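Mind looking over this structure? Questions follow.
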Amino acid sequence: MVNSGKKASVATVIGNKALKKRFGRLTIQFTGEAAGRFLQVMPGQFVQISLSEAALPNPERISSDLADSAQRQILLRRPFSFCDVTVDRPNCVQVEVLYCVLGPATLRITTLSKGDKISIIGPLGNGFSIPPGKKYALLVAGGMGAPPLRHLATFIRANKPKMRLFAFAGAKSLDDLPFTVEGPKSESPVIPEFSGAGTRLHIATDDGSAGFCGLVTQYMEKWLDESKIPPEDIIVFSCGPEPMLAEVARLSEKYGIDCQVSMERMMACGIGLCQSCAVECKGGTKGETVYKLCCKDGPVFNGREVVFESR
Amino acid sequence: MVNSGKKASVATVIGNKALKKRFGRLTIQFTGEAAGRFLQVMPGQFVQISLSEAALPNPERISSDLADSAQRQILLRRPFSFCDVTVDRPNCVQVEVLYCVLGPATLRITTLSKGDKISIIGPLGNGFSIPPGKKYALLVAGGMGAPPLRHLATFIRANKPKMRLFAFAGAKSLDDLPFTVEGPKSESPVIPEFSGAGTRLHIATDDGSAGFCGLVTQYMEKWLDESKIPPEDIIVFSCGPEPMLAEVARLSEKYGIDCQVSMERMMACGIGLCQSCAVECKGGTKGETVYKLCCKDGPVFNGREVVFESR
Amino acid sequence: MKADRVDLSVDFTGIRLKNPVVTASGTCGYADELSEYMNVDKLGGLITKSITLKPRKGNPVPRIVETDAGMLNAIGLANIGLERFIKEKLPIIKELKVPLFVNVAGEKISDYVAVAERLATEEAISGIELNISCPNVKEGGITFGTEPKQVEKITKQVKKASGDKPLIVKLTPTVTDIAVTAQAAVGAGADALSLVNTFTAMVIDIESRRPYLANRTGGLSGPAIKPIAVYLVNKVYNEVAKSAGVPILGGGGIRTASDAIEFIIAGATVVAVGTATFIEPDAAVQIIEGMKKYCVRKNVSRVGDLVGNLKD
Amino acid sequence: MKADRVDLSVDFTGIRLKNPVVTASGTCGYADELSEYMNVDKLGGLITKSITLKPRKGNPVPRIVETDAGMLNAIGLANIGLERFIKEKLPIIKELKVPLFVNVAGEKISDYVAVAERLATEEAISGIELNISCPNVKEGGITFGTEPKQVEKITKQVKKASGDKPLIVKLTPTVTDIAVTAQAAVGAGADALSLVNTFTAMVIDIESRRPYLANRTGGLSGPAIKPIAVYLVNKVYNEVAKSAGVPILGGGGIRTASDAIEFIIAGATVVAVGTATFIEPDAAVQIIEGMKKYCVRKNVSRVGDLVGNLKD
């Protein structure tokens, strides 16, 4: 029973770069014992970061729609997944977090700078798992769902080099894609980070400002319609807003494809203590639904088991 | 009635230096309209600084006795007086704040760095005033009472060059004096900052680690005993812990010397709205005491009018 | 929606306020202190520090202490008393173009009545706020506010004394069911309900093992209490105020326009900004501006349409 | 005082706890979750999530929302139910060297009684905490906790059902006078009083104009409520617990050893750490260490000597 090995780790910030619009990329480093915990991290797992000690940006750097929420004093940690994990040496692991500035905690991330120490719990939860026998992986990302799928792409490249990857990334507009996009905007734009991971990338934007004009799930459906790959050879990995995940799960089921979705919930603890992060799932013994915990049983669930929120 | 000229000012941090032990020196700059407010600042006036936006230091830089209070989320501004005010140009004023790290707000001061913006209300309250006819000023400082007296010394040098200054600075120990001390510790140590302001300095430490061994008020009494200056030519200016001020006021009265004391109170607003900073004063019409406000009527009071707290 | 089309004005006890933001009692002095920091005329209204029949020195210090996202105060109703208020402050207040509500406190019902009677004769005063919820004085204060029978009795008598001035009854949140005391006040003739006052609380200095405040306990205000206050406003709105047609003056921890709008959606017609003014002296004015922006963005033509507009 | 000389142990309802720090109900799962993050055996005790007769799924999401220095929760007593608790969790709990208190909730008195009766037969359980103060369920919960008569009735019946297990009654802070409900519980046989549970509160999402929580309201916990909780513990200590010789399990917003010591000085014999565990999973252990340091520094040989040691 006695195992206090999962204490909070102290990470050192080694870089923090503002990207376009509200996005930024934080690079942190774990050494020693903490590094050990991140050696085997699976894409889709997450960490809980304490940000209440960090500074708010100077007022002129807070966009007016966040001015009010910037006043909120934060208490709880915040969950983040990884966009990349690199093992420098066994006792030195670098983790990249791609963040989107939405409120008091993510505003505070922007002021972290080289040398700052932050307290992190994790890695937590269950990440994506690559079932044996699959030959093709479809990564379907909506908005800020992209980072863990980027991590997954690199991971698959490294560990299942024969698997073929097709990534779909959707957003309202080109600006809302949390990555740098290169190449011809209208046809087949390139996101160097995904291509770097050897992935064929499909972009969809609601306003057509890059790639396919429409929802990423419509693009996915089109692709599935045209695809000649046997469904049992494909696995779908998806992360994004819940309505999108619901549609991805529905399409996957319709086409007979296995599907894993990474869910998001408000989390107080991230470690199974508070029950705040309930995800309604099929699978009660009498056909009723049960609540599973996003932080412990997830955040990655089988697309078939989740009863998606309609609200 | 309509006069909204005293809004919060934004100051830019231009330096922040840790001094020995828990002390630090923050240099901030006001420009434009805000600078105008600080052109005429009187020593003993103060400002209210908002620090809730600033970061906490990294955990290893928080001394263990402050670890618990570091967790407190701060809401209110904090009052600080000035150690120095320099007018670069009419629209550029530099202010130095000497701080002592005691709790959540002052811990956050330590992380401010060049370029940071902070919100400041002030200058507030009534500072020391130099009554006409006085030829000698006795500055009596206890612990963190020294900074405004240092400011006063410079101010008197500049504005009343004929006035002779004698400064007394007391602390528990050499380490607790918020200034760098040079010269022979045991006899007449020199604090360059005070000497710079042309002041003869007398140091007292409870433990004798520098200067006079004993309370600063004992040193002051000794000096008064030995002094041949007519009491009516002297004015005492004092700032420090309340029991010390009480003794300074008592001694001044005993020797027939005018005396001004700068009081400290917990302040919520600093601008006369909340009535939290009451200072009990003699002077009711029927001989009863009245409460004055430290922030508005003070912080500098006539030593004779204050009814000092015994608690 | 264009900014100049948004109607921020609200009707409050028959008085038209140009916007629904007032400064809370005890946090804005008697108005003159604040006017150095903002154009007070921009406010929807102003509520004075509690006035008592005789001057009160208030409690010894420390009178306040900060807590996480809040503060305790035990000022003890320090005020200059009725006569000096009328002589010294009213002339200044008369110059303002903003409705002034005078908060009244006392130890005995007859004290309240005497103050209200006197104030009722002053034209410059728009209304009276009855403080039966101050946790920081030995007699009177909160004790009148917790017993429905007492609430009824004092409301009735002060209402009579107030003549044609509207009477706002300020309730304490420290009761089992605030709808009961709210109903008692409304039944006895309250023209509006004000909530919440502060929560009785205590900080202990573990070094000396004494209560930090000289008064032992104090009232908790600030963002810490906001979610409780929003709940209570919504409860009183649903269970009492809406059907009685009595407006609510809501507050507790408001710092931003978003906070203020939460209270309005919960059921407050007017919001009171208290502790926030200590941090940003012009907080109330900033809140008014933010409220207008919200209305523009959400296409709300009259802020009054938001009152109680909580969907379930 | 040397660290190894400090006696942190306290007597609580006849049980010797090795130190006065327990983890609060609903914030430490059923113990096994926490054991990955700390050596649970270091705790003074552990209180389980509320157990009900039948399993409960709990409320729809969102079940929590953060507020300034606090959070609302409306978990809705999600739990695996009595039988699964006994079958699946008890064997794990038996391995621990730490007293375990099981928190019991229900919709009807007979539910509470049934659970208590069953638990009374389990040797591994040190005591029962009666939750009559949960603000997040439609039936039962808080409604039992506000009416002194109800408090008395349910305490009496559950006490009987609990056999020789000590019964801790967990009071709600949402009452006019907590001394009255505390007295009712003590009069009916409570072996200890637990306070405070969360405060009913609400956050409104001003974009959608809906309550942020699916349950509309939730219970406020965290540092925001600490000064109110300290006051209430001190009040119950002075007015009820001290003279009755009944210990208090105090909490609400404890994050640090200093916070915990405030509660002890206010009158708590044992302190419960709740929300803080979400932020630092080993918060309770850090608090125990800090408490020892305080005792060394202040030359306190037995932490029990601090209980109610508030000077005036």
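Per-chain numbering from 1; labels A, B, C and D assigned in written order.
Here, a contact is a pair of C-beta atoms (placed from the backbone, for glycine too) under 8 Å apart; a residue touches a chain by one contact, two chains touch by 3 or more.
The shown structure was predicted, so the numbers you read here are calculated from the model rather than taken from an experiment.
With contact taken as defined at the outset, chain A and chain D are each touched by B, C. Pairs B-C and B-D differ in how many C-beta pairs touch across them, and the larger number is found at B-C. Averaging Cα coordinates per chain places chain B and chain C 36 Å apart.
The distance from the centre of chain B to the centre of chain D, each centre being the mean of the chain's C-alpha atoms, comes to 46 Å. Here the spacing of chain A and chain B, counted between their Cα centres, is 52 Å. In this assembly, the C-alpha centroid of chain A lies 46 Å from the C-alpha centroid of chain C. Counting only residues that touch two or more partner chains, chain D has 67-70, 222-223, 258. Looking at chain A, one finds that residues 72-73, 75 touch two or more other chains. In terms of inter-chain touching, the protein chains here all touch one another pairwise.
Put simply, chain C touches chain A in their complex at residues 68-69, 223, 255-259, 290, 293.
Chain B meets chain A in the complex at residues 10, 52-56, 58-60, 73, 75, 111, 116-117, 119.
Against chain D, the residues of chain B that register as touching in their complex are 67-69, 71-73. Put simply, chain D touches chain A in their complex at residues 26-29, 32-41, 49, 57-58, 60-71, 73, 75, 78, 92, 95-96, 214, 222-223, 275, 277-282.
Residue ranges on chain A touching chain D, taken from their complex, read 1-8, 50, 72-77, 121, 265-266, 268-269, 271-280, 289-291, 296, 309, 311.
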